[in-house]
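In what follows, a structure is listed as structure tokens, so that the remarks can point back to it.
Note that the chains take the letters A, B and C in the order they are written out, and that residue 1 is the start of every chain.
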């Protein structure tokens, strides 16, 4: 038994040492009132939690975050899986296609955000002011409350499908073609091949892809901030934007820590759910 | 393979350590002063080059003379905020000079005790690079919290209307002196442009993005309509005044007319995307020739002039003073890009030297020559050849008048200002986008403000 | 599914799907590269000019701004991250794959939770801790921070791959008297090459692209490419062509890397060894 733990130890130690203090700090601070421009840091128990959880901003951000995270996670997953399955085949030119698909990963999210902000801009953007109005679409994609969320989701899909694609493709590598050969000889259909061979074998890759994607989507800040600043109004104000404002704009560091912990609990909950559901 | 592997790991880690150690400053004979700021390449280009990381001759001269090593660090606004907050929260005093704006930074950091009061330095070290007499008093005053000076201004702007004379001439219009005239002009522009079937030029471009972006302008409208900073009863401006008079917030009171006017103008006469427009969008729209008026933060039109290649925009842009509202005051929009000294800095004397150098006449002049914007703090620079040549004496004089007539204290100076700025701006965006009607938005603001002020203990017996 | 002979019609459909997605991916990229050769005014002009006189202003600015240093830093951080993640992650992944107890499930999960705390919560404590160790503005700090992002992902991916490898391979080696380390290095790693390459590519890209930690933890010396992009063309001084030029320059090494590596992400070759 012990050799496994010996092999695990270095990684665990590294991770633990980096994460320990920040986690402890967050918990400690969330039970205190800490406003940067005021003296003192009194202990207030669960008051931060009740204040944050009952504030109208929290409920609004909850709505936005849930819609955003769920949409982009499922859409990038479906797209990534589809592309990975297709490009796992012996198609001509798949090398180039794989490379091209991976490219958005290299563009920092800030830049991607600006690219989409400028492209979708209703007054001077290539798409928003040129292509769409020519097709008769006159609304502002970034300033219309009902469309803004869709726009940031689109930008995120552009940025992050590549990652899903790569993880799932890597997972597909684990499936030996001999299994397919054997099953095909036995007369299995495409769908059966997928559901009985492919899907069970890539479950681990699917789990990790979904969880990583979920964590990232839940935590997106740069691109949304740059594209809509959380607006119009609070239509695209996700939790990270709210948390950033509370901590770095309002300087309520205690409340920011509280929101961080609430987010952490939610993330852990969803991850556990995903793992149980899929395995 | 394992041996080579370990070797590779060892090599990489050592390499990384070596390089990172090399990057630590070699025992400095000079005092290192760290400056944290944004606008790389256009702030202090004469010192740091157009890339922001050059070590120009001028900079080296200064460093030699004063025995300092200026280490400047650039970022964008969001990122800078985080670094400053982290530094203050940890009280590490890593940054000697930090960027603060007069729209929350000076107030919040000042009251919070993170900035070093500067009056005594002005007394102790008169002469030198920075001459307070040359600076327009409004710009210095804006950096005072309850009379204490916390930062020195670099570039700054006041309110004004920038407009396209050619478009105005076409419809027989002149620049509005009052807000009633403003409405008339906007209406005429709208019907004129639409009448000709022009759908991609808008009467006015303003900014309505959520957060603190529009609040400087919105507050200016409130001031013009109410005739005083109508945020708290009786126009209370400081924590002491609020506590003394037990002044409640009045967002549903005198604050409402100016706010409503701003929202209405955005909705009726502005471009469709205005609810998420930042100053960058405002600038771009004007630069691309798609707006007849840019207001009230005129600086953004001057910035557009630097970017545009549209001949009409270049030739026919004019400046006019801000119109007067029903409260008898002009619409304000006032801000300075300032630097303050970190209270935890370990080298305050040297930091002061660097500060005055960066804010001094030489720098201001270089700024004017590089950007060609008339948004400078010093009279001598405003009237320098390069600006007079570009805009003509008349426009320069108008700019000066608008500065002299400006009222920097058109919103309260309280420690919670950052949060107020953010919430008012977000409310503005919500109202413009019609997510909620104006009354609902304002009463939401009022409810929040009442609760926040109560909890902060402003109204205790 | 894999290896099937597809009818030409089916092939056409598959190609069409991929092509459509590629248009979606490439359109902004092409627009980005194109804008890097325009002036700000030209870049925003509608309709966009397909033929114009290119300017290299943006590139001049980009290359002058400490770009080379940033590239060097990014390269060092990313490459050393790959090495460290592989060293730590391969052994941890192998260990977890062989821990058939409840314990292994839980450890695996807690490793993943390392990534879960939101950034705005972590910045201040991380800054404090690094400041007290005087590690601010060092490549070392950024490297370490990136480990928290990359290690959990790598461990999970490698663990799942190791679990798929038939146990006979390892058992045969044990019979031959090999130690665990030898088994890992000489038997399993060669088999796991496809996954290792995939993980390396992912870790490199994620590290190359990471902004938040790199920004908070560095000043001038250890700046990475995303931080440089943000400071050279940040919200205050907005220069779209400059951002495009920087991104184009940053694209090139990553593009080269991906082209080179994806050839190696081919199916495992040695499952036949079991037979």
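Simple rule for what comes next: a contact is a pair of C-beta atoms (placed from the backbone, for glycine too) under 8 Å apart; a residue touches a chain by one contact, two chains touch by 3 or more.
Every value quoted in this text rests on a predicted model; they were computed, and no experiment measured them.
By number of C-beta pairs in contact, A-C leads when A-C and A-B are compared.
The central chain of the assembly on a C-alpha centroid basis is A.
Per-chain Cα centroids separate chain B from chain C by 38 Å. For this pair, chain A with chain C, the centres built from the Cα atoms lie 15 Å apart.
Spacing of chain A relative to chain B, judged by their CA centroids, is 33 angstrom. Contacts with at least two other chains are made by residues 78, 82, 85, 89, 278, 284, 288 of chain B. Chain contacts: chain C has residues 44, 87, 124, 128, 230, 235 touching two or more partner chains.
Under the contact definition stated at the top, the residues of chain A that touch 2 or more other chains are 124, 129, 244, 247-248, 253.
By the touch rule above, chain C contacts chain B in their complex via residues 39-42, 44-45, 61, 64-66, 76-77, 79-80, 83-84, 87, 123-124, 127-128, 131, 136-141, 143, 181, 185-186, 189, 215-216, 219-222, 227, 230-232, 234-238. If you check the complex, the residues on chain A that touch chain C are 3-8, 10-12, 14-15, 18-19, 21-23, 25-26, 79, 82-83, 86-91, 95, 97-112, 114-116, 118-119, 124-126, 129-130, 158, 161-163, 166-167, 169-171, 173-178, 180-181, 184, 190, 193-194, 197-198, 201, 204-205, 207-208, 211-212, 215, 218-219, 221-222, 226, 239-240, 243-244, 247-248, 253, 256-257, 259-261, 263-264, 267-268, 271-272, 275. Against chain A, in their complex, chain B makes its touches with residues 78, 81-82, 85, 88-89, 108-109, 111-114, 200, 202, 208-213, 271-278, 281, 284-285, 288, 290, 415-416, 418-419, 422, 426-427, 429-436, 444. Note for the complex: chain C touches chain A at residues 1-4, 6, 11, 14-15, 17-18, 21-22, 24-26, 28-29, 31-32, 44, 46-48, 87-89, 91-92, 94-96, 98-99, 104, 107, 109, 111-122, 124-126, 128-129, 144-145, 147-148, 151-153, 155-157, 159-161, 163-164, 180, 184, 194-195, 198-199, 201-202, 205-206, 208-209, 211-212, 225-226, 229-230, 235, 240, 243, 246-247, 250-251, 254-255, 258-259, 262-263, 265-268, 271. Interface of chain A with chain B (complex): residues 36-38, 56, 121-124, 128-129, 138-140, 142-145, 148, 225, 227-235, 237, 244-245, 247-251, 253.
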